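All remarks here apply to the structure that follows.
A, B, C, D and E label the chains in the order they appear, each numbered from 1.
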Amino acid sequence: MSTSGASRSDDYESVLSGSSKDVASFERKRSWLENVQHLLHSHPSLVPLIVLAASIIIFGLYLGSRFMSAFALTLILQQVAIVGIVGAAQSLVILIAGIELSVGAIMVLSSVVMGQMAMNVGLPAPVAILIGFGVGALCGTINGFLVAWVKLPPFIVTLGTWQIFLATNFLYSANETIRSQAIEQEAPLLQFFGESIHLGGAVLTFGVIAMVLLVLGLAYALNNTAWGRHVYAVGDDADAAELSGVQVKRTILSVYILAGVICAFAGWVLIGRLGSVSPTSGQFTNIESITAVVIGGISLFGGRGSILGMLFGALIVGVFNLGLRIVGTDPQWTYMLIGFLIIGAVAVDQWIRRASA
Amino acid sequence: MSTSGASRSDDYESVLSGSSKDVASFERKRSWLENVQHLLHSHPSLVPLIVLAASIIIFGLYLGSRFMSAFALTLILQQVAIVGIVGAAQSLVILIAGIELSVGAIMVLSSVVMGQMAMNVGLPAPVAILIGFGVGALCGTINGFLVAWVKLPPFIVTLGTWQIFLATNFLYSANETIRSQAIEQEAPLLQFFGESIHLGGAVLTFGVIAMVLLVLGLAYALNNTAWGRHVYAVGDDADAAELSGVQVKRTILSVYILAGVICAFAGWVLIGRLGSVSPTSGQFTNIESITAVVIGGISLFGGRGSILGMLFGALIVGVFNLGLRIVGTDPQWTYMLIGFLIIGAVAVDQWIRRASA
Amino acid sequence: QDKTTACLVTKTDTNPFFVKMKEGAQQKAEELGIELQSYAGRIDGDNQSQVQAIESCIAAGASGILITPSDTKAIVDSVQKARDAGLLVIALDTPLDPVDAADATFATDNFVAGQLIGQWAKAKLGDEAENAKIAMLDLSEAQPTVDVLRDQGFLSGFGIDTVNENVIGDEEDSRVVCNDVTDGNEEGGRRAMENCLQKDPGINVVYTINEPAAAGAYEALKSVGKESDVLIVSVDGGCPGVKNIEDGVIGATSQQYPLLMASKGIEAIAAYAKDGTKPETTEGKNFTDTGVNLVTNEPVDGVESIDVSEGTDRCWG
Amino acid sequence: MSDNVILSARNLVKRYGRVIAMDNTNFELRRGEVLAVIGDNGAGKSTLIKALSGAVTPDEGEIVLDGKPVHFSSPQDARDHGIETVYQNLALSPALSIADNMFMGREIRKGGVMGTLFRALDKKKMEQVAREKLNDLGLMTIQNINQAVETLSGGQRQGVAVARAAAFGSKVIILDEPTAALGVKESRKVLELIQDVRARGVPIVLISHNMPHVFEVADRIHVHRLGKRLCVIDPKQHSMSDAVAYMTGAKVPEETMAA
Amino acid sequence: MSDNVILSARNLVKRYGRVIAMDNTNFELRRGEVLAVIGDNGAGKSTLIKALSGAVTPDEGEIVLDGKPVHFSSPQDARDHGIETVYQNLALSPALSIADNMFMGREIRKGGVMGTLFRALDKKKMEQVAREKLNDLGLMTIQNINQAVETLSGGQRQGVAVARAAAFGSKVIILDEPTAALGVKESRKVLELIQDVRARGVPIVLISHNMPHVFEVADRIHVHRLGKRLCVIDPKQHSMSDAVAYMTGAKVPEETMAA
């Protein structure tokens, strides 16, 4: 009764040796539109770049040199520096399929701590700044721990910690603003990122330069280090990443901590921009950074998109903000337009995705 | 060469007739904790109910009759009426694995339209109210269409429409508040839900009664109609629902439209509560309603949870708000506490989920 | 019952102005042995939270409420409820609409506050006022009442037709070259100033809704080296603001007295709780004016002002 | 001949971006038969049956049911025409009960005012019918019909899906790899079920990679290759080797055996 | 005897809530052999191999690799010990390239400053190695090693997963139902691959419901039932019927064939 499996199955599988070796290929002629779709698909940050260029050109034609000058264009950079830096943190978190609602709160809390440590406690500025970074890292750790270990949804974790960090900020600072002039005298290092380089009409603050370097550095890390590949893998499919050898929890934690540190850095840059330390800043930074990320084409489901796209997304919003203000429309029209922009950007993105490679 | 498949496979499958008919049962004695876990698992709205009861008792013991009176307790109901109604809309959307950031904007826009139509355009109050409901339905339709047909992520759609609806609201109303006295004279129907019934010390406004009836009605619809079952199925797994015969797009659209209509209804109740029509109301209603839903134990991933839980969640926040204020703490402590509450609620929920039925 | 309870309801609890107001009330309350409960909206314009706050005060059995209304019209019904329940309601800082909806109002006249800096700016510029280029940095797109009063007060003080006195930004005078919103903080102040400069680099007068916005605007001007060519005026008179006048950041500011408002308010509630007396209004006005002073180191003819050292003595925060 | 055909399709085309999943394929199911569909991975079998069951809308081509051309805009549409399908990925809602799942999209409402005005479901009746259907098929011993599907084992879930199809499929039942994830015992149950259903006169389309199973139950075998039907063979006249050779391209069928 | 055993486990227990997925089970894999694991759906096979590969941490019991007790805290941990696994649900990251996937968790860094300080990946090298490994195994013709995995067919994906395991598994390779979703041709390729790997001396654990396949390649068969090992049988001395009878509980093995 014992039949050898091998011989049994061979009776129909033996013919396989003759089977066709062709690789099935379904290529067909592509229409012009499909070619565009394909190009955009392979370079996801191209869409926001094109939108950015188009909007600069349109505003430039309409407004002339009031808009189309080195000064005005670098002004936009200055205006988006904070959102760009926080957006970098937000991008990392969204790439691992998370979301960070507490970014603004971490930023302000860190900047307040830096200010208080330097001005009221009287620590040397570098130490005060380090402590500020420590606060950012701690906030990030709390978020990361709750997401990775307790396995709570990131939206809820950061919704909760947003309120907690913000309340801490107000209670700790007693709502007191530290004046620019006082900081200038006692701890000018805090205002470091407000310094600027002038090149012709262009004004590049150190904050702007820091933002660009940060984004480039992160783009490098995401594409060329193992950590970066792991970030994408975790965002793509966390279970698959875990099984194929990624330390998922650690990767998630590292991303939230890094995001916290970047937010603290944004807090420092914020002091440079405002001159002063103001606990009421940054109330909408979370929405603004998410908007930049979304317009920049990073998928809210994680694992897809480029951090450069986020930068372009932030700049698009900046261009519209300044352009529409110079045109002189009611600020409400700007909000409405940004609303349309968000939906439009994602609709285009969705259309491109449909081009299956 | 032709072998009959049947006889071939029988050679090892024939023994199956003798195979064990036992249903594998892995039951083991459960610990006390596991029993609790199981009980809570089968009645998901029990957790927020227990938390609610506990917090009422604690505040009652501490504050005595200032808190533990029919008047104070029904006051909490009045204070959560708006969040409760909008929370019902939010619950529906979250049950289908969506999220609705534009609820507050729809509510205010609808109430402004009702007010403008009745007072400035001079339409009869019932017609004005109907137009307000129409606006709510239209907003819901836009959201639902973008989510179901264009297939954009709900977070982004409603992030965009939030800004659009809110800007429309400010532009349309020109930021003008319509005064209570004027409404009282010309269109008292708008203030209908501000009327109240007094029972001893208890004060039940029609708005409170409407909220309770609405939540009960929706709970009935979700559990006892085909539409309700479809809502759960779509939230659970939209693809599976589609393949098993649910009209997924229509269900999603119906939910967003219904949510829009409920928000318009909230706008009407809001007029009753404030007496006046104020275009600046409701800026935080989206966060507040999501908070109520989350504390109430509805899963942000959709398909799981009970709308009654949302009501308890809203009441918990209401109890803390009133209780802490009577105790006299700084409002920031309340925000912090609500932050902890959010995270705590979901952590407990997660723990219960781990009890696999 | 045991202790008298008073409530303070502010627009927000993050703006230093209201924080100081709360401190003033707290101090006075301790002094008089009154229990104080404080409430606040989440943002300026958050009317709903204030409605809740009033209800909570009624429930808590308070004797009186001090409120800085976010929406001066919309809150009236709730205030009436509180008064019907036997509470004394005093509007602080911002009068209700209508004013007599509250039992009393202890306020700065925000319109006058705006007017003072408008007049000062006009006088300071002299003949150049005809060619002034003015940027108006307002509070928020929702245009809450203070925002409107100060903005329109400034314009009328400067001699510009405000058209509709209830609406910001409908002026036709070509001297107003820019309107933008700041959310009343440094961040918004800087951005709005940058935007306005881009719109018209020749701006030489900047009206700001409050001093944090002024500080932000100053940073923007400083970054393009225009800080000394532009006149910044503001409203509030907080200590950092007065220091900024000393440092030449702000030209003039209208100083208000939130601590005074708050402590007077608490006193009034204490008196009311004791024997039911209600406060009297300032003669000739339908509210109790807690006064407003123009603080500047460069006084001009025809506009009364105090100098920085006096301003510092009386500043809050 | 056409009278004998219950469901047929002509020249169906479906493109996904640059992939052509169906390339002018034909299909024909006769009354009362078990038709097996075999083919390599990615040959387009699932796409074909999704087109037949309304889950995808073909770009071109026509489908004829019972002699009448039909256009299915959704799976529910096909279901209303009596075509029941068990998809490769199951399509049950994990958090809902077995009864809810069985009646998804065709819930029974109560009579009277409750049913018409309040649209109340007749839960009792649905549970009772669901239990009957499962018992009728003798497929498995499920204690609690209100159990959530996610608490069932893979085999039990597959059972529920097959039972649902068998219970409601009045004209055609389509099964896409129903036994791929199943153990020996569970697979056997499904094959028995297929034979039961055929005995009731309802035709079945069975997609499977398991040649012995295919040759055991199929009346005819539709061989799919590179997006289209290559040929239809009779399992009594062809060996498994032939079938495998055709579907993998090792051998080309001599004549087109269309009928 | 123990010298002959490369991987073994004793009294493993794993509970999921109220379900006991492993109930004091034992396991033993010898050097150079193909050990098949068979059992009903839900018997606990996948849980067992997940415990052996670090994907789940058993509640009780010990695992011994090469004579030394080991504790795997993550799949990477097991991988570092030379145990490679192809999971039932594949575990590839769809949006990443084939090369990225093959080196996930064991990326190669560049030499010099770029590698140590900037931690730059040596993409060239990884691509080259990946291509070699795929070619070595002659498994398939993939044109572009930088293609995203989501653009591959199911069969190709399975091939990448198996190739990854075969390429890096130095001590043990575990395959959980590698052919369940595969067609006849693709399944055959995987079976050939298993034989190649065994020829290289690396032992394999194969979970499968396909009895002919199991009897074709297995040296020993571990029968799993109700969360524990029922017996181990020799395919040359037992028929498929016996195996099926044991695993379904139709027959009870006479003596415990532990060794």
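Remarks
Everything below uses one rule, namely that a contact is a pair of C-beta atoms (placed from the backbone, for glycine too) under 8 Å apart; a residue touches a chain by one contact, two chains touch by 3 or more.
Everything quoted here is computed from the prediction, not taken from an experiment.
Listing every chain that touches chain C and chain D alike gives A, B.
Across the two candidate interfaces, B-C and A-D, the one carrying more C-beta contacts is B-C. Comparing mean CA positions across the assembly, the chain most remote from chain A is D. Ranked by separation of Cα centres from chain E, the top chain is C. Rounded to a whole number, the gap between the C-alpha centres of chain A and chain E is 39 angstrom. A separation of 32 Å divides the Cα centre of chain D from that of chain E. Note on chain placement: the centre of chain A and the centre of chain C lie 37 Å apart, centres being C-alpha means.
Distance between chain centres (mean CA atoms), chain B to chain E: 46 Å. Contact of a single residue of chain C with at least two other chains is seen at positions 13, 43, 141. Chain B has residues 3, 8, 11-13, 16, 19, 170, 330, 332, 356-357 in contact with two or more other chains.
Residues of chain E found to touch two or more other chains are 42, 184-185, 211-212, 239-241, 244, 248.
Pairs of chains meeting the touch criterion are A-B, A-C, A-D, A-E, B-C, B-D, B-E, D-E. By the touch rule above, chain E contacts chain A in their complex via residues 55, 74-76, 79, 85, 87, 89-96, 100-101, 104-107, 109, 118-121, 123, 141, 143, 147-148, 150-151, 184-185, 188, 211-216, 235-241. Those residues of chain C that touch chain B in the shared complex are 13, 35-40, 42-43, 45-48, 51-53, 55-56, 58-61, 70-74, 76-78, 97, 141-144, 166-167. The residues of chain A lying in touch with chain D in their complex are 11-20, 22, 24, 26-28, 30, 34, 354-357. Those residues of chain B whose C-beta lies close enough to touch chain A in the complex are 3, 8, 11, 146, 150-153, 155-157, 159-164, 166-168, 170-171, 287, 290-291, 294, 300-301, 330, 332-333, 335-336, 338-343, 346-347, 350. Residues of chain E that touch chain B in their complex: 16-20, 23, 42, 211, 226-227, 239-241, 243-245, 248-251.
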